[in-house]
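In what follows, subunit A forms one complex with subunit B and a second complex with subunit C.
Moving on, here comes the complex of A and B:
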């Protein structure tokens, strides 16, 4: 139990949130990070080579 | 029968290349295991936003005067719930979308008389107390005009309301039993008995939090807490979470409309934003049959980036 308590929330997020404000846009830093990560994941999915590409080339 | 020409965005050309076996079960299993492991690891690393619940007891102990003022508002009909309209009462037309009186048409499905349901009936459930019992008796015996006069007189004196030695006091005259009601209801709330009464509400099941939540949201205490946590509608609150946790980022478009005119200044913003999102959802659903819009993937050529190896070899 103590071990689980120790592990629980290694990165504490219970402090008051920070917010970014640009005109009408008002977004928490946490949400902003999540959205940036989603965009990066999308770009990676577009640009990363398909797995097994080298095997297919060899078999050609 | 004449053969029609090939229509891009509508017709699919026949595939004349080779075929390869593909194990979708294997890929699905790997994805499931990876996502499950990530979920456990992230849960351990970040924990979860589990703030302690806010009850009427919490509110009445933290801000007894705000509670007492709100209880008086429930009696004089000035709170949000009292004047909301359907589904709680007929005090107003409720949310309308142009000429469509949607809330009114849906009707009063959760009837709430704030004076009776939030003040008088809970007080009637209290153990016998001569002062309260006498106050309730005189209230029931009075005409509705007399009741209104008492409530109005106490409302006029509400600015002088104070919380002294555990009691709500105000300099008032000719308010009948109303001061007793407000004081006793505050005691009831501070003990937690009002939460219990409003949750059960005479029903067998005790999972219906509609009444305590409405009462809470009528006061200023909950709104202040929400504002401090950036959870108000005007703060993009729909996509925020308490403290530093990420929230419902996917609701960005829904909450965005609330920030701009005409929605931000409209009393019918809820139904108008809903209507806007329904319209956009229908457009999204119909993209394959909307000329121009359905050609965007072909014209933007993102697919050539994904399948660049294939197009490079052509």
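Moving on, here comes the complex of A and C:
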């Protein structure tokens, strides 16, 4: 329970949201973080080695 | 006699289904070598998240709003429902980017691509009606903000975001049914046509792998 209270204090969700504003682009920090994480996941999925890939190529 | 049996719609349909989708295609033993990449796991990740969304949705439907707002277990299941939706969309967007850049509509796979597109749109509508059905200040804010936009399209005549009962029915009956049927159709089409090969493997593009 104390750990949950600590987390809640660390990430205050009751206050006003934070927003980023560049010209016509107006986006919440939360949504911006999710988009950045999706882009990073996409790049990692393309570059990270897949387990057993070399073995599959040999059997092909 | 046998000619009569051959002409029956059940016989013809069975032959057609068995020809298009034999058991070895439904549950294949192996996949093409190019599928050995992390970019190919996001379709299954999306469906796994969808299974959690539906499972937690069943529990929420059984217990009702008072339970999910007031009890600790209710809060937990409600949070599981929300966060599995977040993972569902996260995985689906990465899946969409991957399929877009590999041109997944090539080789007579237009229907596979289009069922994916429509499933994405149906999922957005399902999530929206879910946010509208939370029965808290958040849903009140979302629906009062959305009503003007939706009414300006004319859809407000049959889709009234301020009608809680209607939004809940769309969220727990109509739209999940559409999303699940379209997802099943999408997976069947992937099994019929196979996973799209890379651009440099052009001789295999038209083959049903």
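In this section, the second predicted complex is superposed on the first by the 40 of 60 C-alpha atoms of A that agree within 3 Å, B and C clash if a C-alpha of one lies under 4 Å from a C-alpha of the other, contacts with A are read in each partner's own complex, and residues count from 1 in each chain.
Heads up, the rule we're going with is that a contact is a pair of C-beta atoms (placed from the backbone, for glycine too) under 8 Å apart; a residue touches a chain by one contact, two chains touch by 3 or more.
Since this is a predicted model, take the numbers as computed values, not measurements.
Novice: If you stack the two complexes on chain A, which partner ends up touching A:48: first (subunit B), second (subunit C), both, or neither?
Specialist: Second partner only.
Novice: Can A:26 be said to touch subunit B (first), subunit C (second), both, or neither?
Specialist: In the superposition, A:26 contacts subunit B only.
Novice: Between subunit B and subunit C, pick out the one touching the greater number of residues of subunit A.
Specialist: B
Novice: Would you sort A:34 into first (subunit B), second (subunit C), both or neither based on which partner it touches?
Specialist: both
Novice: For subunit A, give the residues common to its interface with subunit B and its interface with subunit C.
Specialist: The overlap between the subunit B and subunit C interfaces on subunit A comprises residues 34, 38, 46, 50, 53.
Novice: Hey, which residues of subunit C end up touching subunit A in the complex?
Specialist: Interface residues on subunit C, with respect to subunit A: 33, 36-39, 41-42, 86, 90, 93-94, 97-98.
Novice: Spell out the part of subunit A that touches subunit B in their complex, as residue ranges.
Specialist: 7-19, 24, 26-31, 33-35, 38, 46-47, 49-50, 53
Novice: Show which residues of subunit A lie in contact with subunit C when the two form their complex.
Specialist: Against subunit C, the touching part of subunit A is residues 34, 37-38, 41-42, 44-46, 48, 50, 52-53, 56-57, 59-60.
Novice: Could you please specify the touching residues of subunit B with respect to subunit A in the complex?
Specialist: Result: residues 44-47, 49, 229-230, 235-236, 239-241, 243-247, 249, 252, 259-260, 302, 305-306, 309 of subunit B touch subunit A.
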